[in-house]
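Here come two complexes built around subunit A, the first alongside subunit B, the second alongside subunit C.
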Partner chain A sequence: MRYFARRLAHAVLLLLGISVFSFALLQLAPGDFFSSLQLNPQISSRTVEALRSQYGLDKPLPVRYGSWLHSVLKGDLGTSFAYNSPVAPLLALRARNTLLLTGTATLLAWLLAIPLGIWSAAHRGEWGDRVGGVMTSTLLIVPELVLFLALLLLAVRTGWFPTGGMISAEFNDLNFWSKVKDLANHLLLPSLGLALATLPPLVRHIRSAMIEVLDSPFIRAARAHGIAEGRVLLRYALPVAANPLISLFGFSIATMLSAGLLVEVILSWPGIGPLLVDAILAKDTYIVVGTVMLSSVFLVAGNFFADMLLFAADPRIRME
Partner chain B sequence: MTHRRKLAAALVFLAGFYCLVLFAGFFAPYDFAAQSRETPVAPPTALHFVDAQGKFHARPFIYSAQDANQQATPSDANTQRPYPIHFFVRGSRYKIAGLFTSNVHLFGVDDPGQILLIGSDAYGRDQFSRFLYGGQISMLAGLIAALFSVSLGIIVGGIAGYYGGWIDEILMRGSELFLALPWLYLLFAVRAALPLRISQWQVFLLLATIMGLIGWARPARLIRGVVLSAKQRNFVTAARGFGASDAYLLRKHVLPQTYGVLLTQMTLLIPQYVLAEVTLTFLGLGVGEPMPSWGALLSSLQQYSVLSSYWWMFLPALLLIPLFLVFYTAADALQELHKSVPL
Partner chain C sequence: MIRADSRPNSSASLHAAEPLLRVTGLCKQFVQRRNFSRQQFSVNAFEDVNLQLFRGRTLALVGESGAGKSTLAHCIALLERPSEGTIALDGTDLLALDTKGLFPIRRRIQLIFQDPASALNPQLTACEIIAEPLAIQNVSTKKERHERALQLMDQVGLEPAAAQKQPFEFSGGQRQRLAIARALALEPDVLILDESLSALDALNRDLILQLLADLQAVRSLAYLYVSHDLRLVSQFADEVVVMYQGRIVEQKKTRELFARPAHFHTRELLATVHSVESILLERSA
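Coming up: the complex of A and B.
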């Protein structure tokens, strides 16, 4: 239990650090959301000043950070200037969509990577393994941006997939199963792209972790006892190789988040990525801070989850 | 030995590519901003060796898209005028690295013909020329940012590893913070902090610097690890016994042992930062018009109409792939080399 408490405290401190950093950075920037209003001769400078003080932009930095922290505790995460409403509800909807996309993609990536990695480790050096190696290397060197654009090209030219959005226009008139089908249809291309973008390092690591275990004496002993190869691989080797893979899961979330931002913008998935890009262009400070914080929370939570899994899987950590 | 050969091949290719980009003015047939409004989004120009009469020419020639536009029957090659390709032709003036001025281009055709190797964009600007010029921005951004990251990494990692104690503790906690940050989001946040309308060169330099500053944590941690083991080696202890100062020890004995890690990190970071620049510009947050960067070349692909009707606009994206292949090959070979070479 102390292990968890320490981890949790660490995570909270980390998030606080990130919030101070991103907040200070954005507040130090020249200009704010209302700067563009000043250029408008129709709006008097008094009005602009009044708006600034209404949103608390005239106060010094520590005060603003304090009031922001206060609004975080209230569950507001500050106020968006462009939407003139608390940030949290805006983010929550987008976060749900992003979670749906990244969750599906993570599931897809691991479901593809584990069998592929195990299979190529078991068939090391054979032509299938070589072909797999070439394929993962190819995927590795194709920049995510190019991969996603290629998927968009595929969708636009073949018409097999919807080219953007999360639901069709007539979504609300559909019955439950048609709704699920419509959503899955829209989800397929972005989640596949995201899964492909994160796949290569996963397959490589699973393969090398499995190879390391398969070379050890206890596997030779198991084989000598005549235990079926499938059982040797899945029941004997895989649990031993699982340890580094669980840590890898934590690391892969970071890639997933940054690749997710791109895929959301390119394939117009209404997640936090497009929201962030728009907020940056509009200098909607609290949305930017909120998005950065949200993605950090995802990352930290993912790592925390990986730690817990490791704790459950590895008795050595429990003994510490 | 094979790793060594692989590395050499990759480095030769990279050097060639950097030359191509550096001397973009010479290799590109047109200026990056030269427009030809009559022929927007022209497809790639086909090279011909056999003319309409079935005669073979050793010097390839093209039919110009502009002629095709003016004629009633554009596909009728009989009425079209062939433009042979000439080498070392005189064209628009350009500067190389801001120093030398010239107007000689490697290849080109007589006016009003246009040679568009990978087509042209919505303003009729030659995509190939823009790709080469765009490389100047994108590759330079990658190089500057990687240099920043690695130098910060060497300073922080060197100090943390060499002095240890509470300094080490603080610096490494800081690096954990930076490692935990979703860096693309952070980069966006930093971009948000920059004013939107400043001169393009300022944007470029600021972006490159910031990308580099954000990425110091990984190289710093790696270098710290090497320094930690390096400072305990016998010859370092011996030198210290002879009364060598910290600065001397670091410079002469400790830091040289980190060069392998540094080099590998550079080859890994450069493509990463090139991509970061491309991504930012693609999303409209990076270097803007009229400066061409690879991200700007790709950004037109965000419009479905471009993707569905003009497939050749995708070609610049494909041209990037071999470049990244070479970078990863180099990094791979370097890593393998340092595994086999005892530090």
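Coming up: the complex of A and C.
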């Protein structure tokens, strides 16, 4: 229990640090949301000043940070200048979409990576493993941007997949199963792209973790007892190799989130990615901070989840 | 402490009986291929090895690191396939058998590794570790296996109260006892000890040596003891085989080998024992 309390305290401190840091960084960028209004000759500088003071932009940074913290406690995460509404409800909808995409992609990536990694560990050095190695290396060196653009090209050229969005225009008129099918159809390409982008390091890590365990004497001992190969892999090696993989799961969430922003923008998935890009360009400060914080919360929560899994899986950690 | 020369059975009657395990002309070659070329090169781990193991006796396999001892031990334990030669157990050629045919044979030859920490599945409890070979070989029911595991723990001097502990909670000596109990679970005829005592401190080593000697007396086990430590060999083995660069260079009764080493490598190995002894004598003097 103390283990969790300590982890939780770490997480809260980390999030506070991230919020201070992102506030300070945004302050360093020249201008603000209302700077562009000053260029418009029809808007007087007094009006702009009034708007600035209405949104509290005339106050010093620590004061603004304080009032933002207060709004976090109230649960609205500040006010968006562009949408003229609290940030929290804007983010909530986008976050749901992002979670749907990254969740599906994480599931897909691991469901592909685990059998692939185990298979290539079991067939190490054989031609299948070599081909797999070449494929993961290729995927690893192809920039994510190129990969996603290639998927977009595929969708455009073949017409097999929708080229963007999350649902079709006539979504509301569909029955339940058609809705699910429509959503899955839109989800397929972005989640596949995201899964492919995160796949190579996962396969590599699973392969090497499995090889390390397969070489250990206790597996040799089990072989000397006459154990069947399938049982060695799944019942003996995989549970022992799982430890570093659980930590890897935490790390893979970070990759997933950063690649997720890109895939959302390119394949126009209505998640937090496009919202963040628009907000950065418009200097919609609180949306940017809110999005960064949300990503950090996802990341921290993912790692916290991985820590809990590790705690459950490994008795040695429990003893500490 | 049991000495080789204090054993029952005179050496004359020893070789009159049929050997339990007979290894003839055994070779192991590792072939590697360089990346991006067809060039192959091979390394001989050992070649033309002939050995005989008898019930209730201990054969020691000594030599420097890299002499091919461990690979030979792994081949005899059927963990690796030799390139040539035969391994016969009670007259049956094991290398002629397929995986299915080998399955019932495996329980008769067991191996104990050097490092007990990595030889035990870290996810299982002590009791599960000992019962594991029985489960793999589909021997008896789960409850009977559990009871058998507890008996074995008692036999190797582990508290049955520790049955639910996991390997990392045991000391090095206790872990090696656990490994021995696991190897004994299948009631093997041949026990291969691959440097199994070298990771232990002196006290634990002596205790486990005693345990192994007692087990041998009760079950007339045949031991193949792989080691580079001639001092232990002198206490433990009936016969010694010296390997040098993948070949057997000398094979004699322990006493005879210590009295009249023929090969220069044997003399080198003996010299290291003597120099350590003389240093110890000087210190105590």
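Keep in mind that, in the parts below, the second predicted complex is superposed on the first by the 319 of 320 C-alpha atoms of A that agree within 3 Å, B and C clash if a C-alpha of one lies under 4 Å from a C-alpha of the other, contacts with A are read in each partner's own complex, and residues count from 1 in each chain.
Heads up, the rule we're going with is that contacts are C-beta pairs under 8 Å (C-beta built on N, C-alpha and C of every residue); 3 or more make two chains touch, one makes a residue touch a chain.
Just so you know, these numbers come straight off a predicted model, no measurement behind them.
Superposition model on subunit A: subunit B and subunit C are shown accommodated side by side without a clash. By the document's definition of touching, of the two partners only subunit B reaches A:K283; subunit C does not. Once the two complexes are overlaid on the shared chain, A:G226 sits against subunit C while remaining clear of subunit B. Judged by the touch definition given at the top, the superposed model places A:P41 against neither subunit B nor subunit C. By the touch criterion defined above, A:L140 lies against subunit B but remains apart from subunit C after alignment on the C-alpha atoms of chain A. Of note, the Cα-centre angle with subunit A at its vertex and subunit B and subunit C at its ends comes out at 90 degrees, rounded to the nearest 10. Set against each other, subunit B and subunit C touch different numbers of residues in subunit A, with B touching more.
In the superposition on chain A, no contact is made by A:P60 with either subunit B or subunit C.
By the touch criterion stated above, A:Y236 is placed in contact with subunit C alone, subunit B being left untouched. Once both structures are fitted on chain A, no C-alpha atom of subunit B lies closer than 9 Å to one of subunit C. Every residue of subunit B that touches subunit A in the complex is listed here, in rising order: 176-177, 180-186, 188-196, 275, 278-279, 282-285, 298, 301-302, 304, 307-308, 311, 314, 317-318, 320-321, 324-325, 328.
By the touch criterion stated above, subunit A contacts subunit B in their complex at residues 14, 17-18, 21-22, 25-26, 28-31, 137, 140-146, 149-150, 152-153, 156-157, 163, 254, 257-258, 261-262, 265-266, 276-277, 279-281, 283, 285, 288-289, 291-292, 295-296, 298-300, 303.
Residues 74, 77-79, 102-103, 106-107, 109-111, 113-115, 118-123, 132-133, 136-137, 166, 168, 179, 182, 186 of subunit C are the ones that touch subunit A when the two sit in their complex.
Residues 216-218, 220-227, 231, 236, 239-240, 315-316 of subunit A touch subunit C in their complex.
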